[in-house]
Amino acid sequence: MATEREAAIAAVREDVARLHGELVRYDLIVWTGGNVSGRVRIGDDPHEDLFVIKPSGVSYDDLTPENMILCDLHGNVVPGTPGSERSPSSDTAAHAYVYRHMPEVGGVVHTHSTFAVAWAARGEEIPCVITAMADEFGGPIPVGPFAIIGDDSIGRGIVETLRGHRSRAVLMQNHGPFTIGVSAKDAVKAAVMVEDVARTVHYAREAGPLIPIPQDAIDRLYDRYQNVYGQSSDARRDEGAAS
Amino acid sequence: MATEREAAIAAVREDVARLHGELVRYDLIVWTGGNVSGRVRIGDDPHEDLFVIKPSGVSYDDLTPENMILCDLHGNVVPGTPGSERSPSSDTAAHAYVYRHMPEVGGVVHTHSTFAVAWAARGEEIPCVITAMADEFGGPIPVGPFAIIGDDSIGRGIVETLRGHRSRAVLMQNHGPFTIGVSAKDAVKAAVMVEDVARTVHYAREAGPLIPIPQDAIDRLYDRYQNVYGQSSDARRDEGAAS
Amino acid sequence: MATEREAAIAAVREDVARLHGELVRYDLIVWTGGNVSGRVRIGDDPHEDLFVIKPSGVSYDDLTPENMILCDLHGNVVPGTPGSERSPSSDTAAHAYVYRHMPEVGGVVHTHSTFAVAWAARGEEIPCVITAMADEFGGPIPVGPFAIIGDDSIGRGIVETLRGHRSRAVLMQNHGPFTIGVSAKDAVKAAVMVEDVARTVHYAREAGPLIPIPQDAIDRLYDRYQNVYGQSSDARRDEGAAS
Amino acid sequence: MATEREAAIAAVREDVARLHGELVRYDLIVWTGGNVSGRVRIGDDPHEDLFVIKPSGVSYDDLTPENMILCDLHGNVVPGTPGSERSPSSDTAAHAYVYRHMPEVGGVVHTHSTFAVAWAARGEEIPCVITAMADEFGGPIPVGPFAIIGDDSIGRGIVETLRGHRSRAVLMQNHGPFTIGVSAKDAVKAAVMVEDVARTVHYAREAGPLIPIPQDAIDRLYDRYQNVYGQSSDARRDEGAAS
């Protein structure tokens, strides 16, 4: 019989495998690009937690709960677990860094979605000019530093940009969006929404000057959406865990 | 045996649940955004009517006739009816306001479709430069005021902009399109068409000056389409009710 | 047993019903917009021919060979034939005009596809800067006059623009593309290709000056494609009839 | 029992037929446009190799391993083999030229994908401003000469542009992208990625100045991706052969 720990791992494997399908559904990735991970809460100390991430270079058609890979918060594959014979996503170190330094984060997503990357290639934050963006991100989507794979610089750039920021999304310069959430699903939602606003604001600004939303209206929208929207006061957060 | 009233409610539940699928098919929404509602005509006094709307924050894959929510024209959920354990769409108050003040309206739709929102973020009406737009909307698509959720200001902005206007669509500034129709289906059609014209006119104008359509041609096209097009002189209106 | 005439009508009904699906597949239409028709060759005199077109205002999901409508070359529905209880497409008069005046035409298609309409709203022809366009259209896509529904002016505009022109597509000003072909399938192919080149040349020109293709290269490409491409020297033309 | 040679041919037929589906999935082609080919390694001398390519003008829905066409490296159909009654793709000579002159190439793909063609119509290379592009192509995507079908000039233009270049993609001026790879799958991946970067950099530059990536960062990214990414040090190359 599965222990509570095993059940928790199995549930996150299931979630993470399934959620990759949302990246396909919303056209956020091509080929084997992009990745979703989800934290497994193990005990009271978040440093003992694990996370589940997809294998590197495997087709989205072939992702299953069994070939998801279980890692510790330093990005090491847990030996002897299902999927451990494969290499985890090449962005595993960045995910691990985020989980290690932001205990409140339950999910991380990275994509190369078209419009979010376009803003990132100019190193330009997305201004908050639509109410859905105020709801979801509480202001502009910030840009993180230029950092390349190989050490902790991507993870550090994400954490330094998002810590204390309302936005759950950061556009890493010349690279693309990383999003965080209370769960893998919540981070996927942020990845879907960041591309949606990146696209909409791109087209809006292309055709003429934008009307800013007053800061106090942004504040009221953000506060309301985070606290009231959905099926209960915790809805947006809860729905990350539910299906 | 179902009474006439029950049958009417069941038919609208069915319609509204199914029509959300059209928002997905035409790429007008992401995640749980957007909403469709339909009026249930109860008796001679339109103030006794009810309407059906989707629940808040529920995945489009999970919408069924049974979890649609029945509300009175003040936006209160009718207790004890299927779906009433859930919260209705966060835009319910705006829908209710429209039904209360425009007895001829049988359906209301709201989306954050990309190009319609782009025009809304500039607070710019869409000029009528294509014949399909003259057919469907009889002129430009107007912009409504900036208004945020929490009181009647969105509903009032919709009604004040659309009352007496040919257009069944309004672009609420910094927010997005709301459309109305003689039925839920008719309002969904308007939501599909407003995004189509918003996109087409965006691309058209981006590349050079547009040729206006003379007002008398717009008038003739609008008149003809509203009265002749389809399978009978009432066709466009009727097809809202039919499937 | 079906006569030859009946078999010919049945084959075109089948073709035309099925080909509407290609308009959906290539995203050329929304809702009930757009229409495909195909000529039925009856005898030696093309003026005795008939054509098959879709009904007006019917969902693309519901189009079948049986509800396609048989018309004579003046656009009158042939009484007592399947589908004849419905009204044919509101563009039937334009199709009929083309068949009446261009005996070589076997199919006509009309859509409101986004980028083709965008060029039409500026009244601007699409310049021939890509080899696929030289292959398919032999030069620029021309613009036809502004004409509105209600008399022969749309049909006349199409015929006057395309007669003697290499292009099988015309952008009717402020309205949209009409395409012709040796068969309904050939006209659908032209509708797919005109949107493809309208989109590609739009994006190309948006970002900087285009390199023209020398006229003699256009001539050679057009000649080769019309005469050599495909499974035999008649391939492009033949494949209109085949599936 | 199948000889090793027959088995090799059958495997490439299967691969090439299936991979055309990826062109559809990623929206790289319309109608019967585009083509994928794969080399069959026959012995020690690459000049004895064969390749498999799709037939000309056949619907993507109808492509099967059996109707793929086997050619020698001069583009002649191998008589008496399955599919040999049909004409091969009109781009067969260009594919053959590449295989003849670049023995390391195992697959060639050609499409008219929208954004890649848009850059080609301006004769403009795509600058390397996003890390995914540095990974995959190691720098800018180059432009090849204007060349039209009918002799070796397209093949020669591809080979002269790509030989010694890091990029596996070339934008043939006024025409479109050709990509190469160690296998047909690898070339298809390059075709998918070249459209992805063509689109992203188009939108990025449209809205303001791009931030260049320093050359040494491009070099490190390219080196790492070619040697480390995926399930083993040969992963990117290997996955071309695997499914």
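Couple of notes before you dig in:
For reference, chains read A, B, C and D in written order, and residue numbers begin at 1 within each chain.
The rule is short, and it goes like this: a contact is a pair of C-beta atoms (placed from the backbone, for glycine too) under 8 Å apart; a residue touches a chain by one contact, two chains touch by 3 or more.
Please read these numbers as outputs of a predicted model, since none were measured by experiment.
Greatest Cα centroid separation from subunit A: this falls to C. Between subunit A and subunit D, the centres computed from C-alpha atoms are 33 Å apart. With centres set at the average Cα position, the gap from subunit B to subunit D is 46 Å. Contact with two or more other chains is made by residues 205-206 of subunit D. Taken pairwise by the contact criterion, the protein chains form one closed cycle in which every chain touches exactly two others. Across the assembly, chains come into contact as A-B, A-D, B-C, C-D. Contact residues of subunit A toward subunit B in the complex are 26, 129-132, 189, 192-193, 196, 199-201, 203-211, 213, 217, 220-221, 224, 228-232, 235-236, 239.
Within the complex formed with subunit A, the subunit B residues making contact are 30-31, 33, 55-58, 86-87, 90, 112, 114-115, 117-124, 146, 148-150, 173-176, 202, 205-206.
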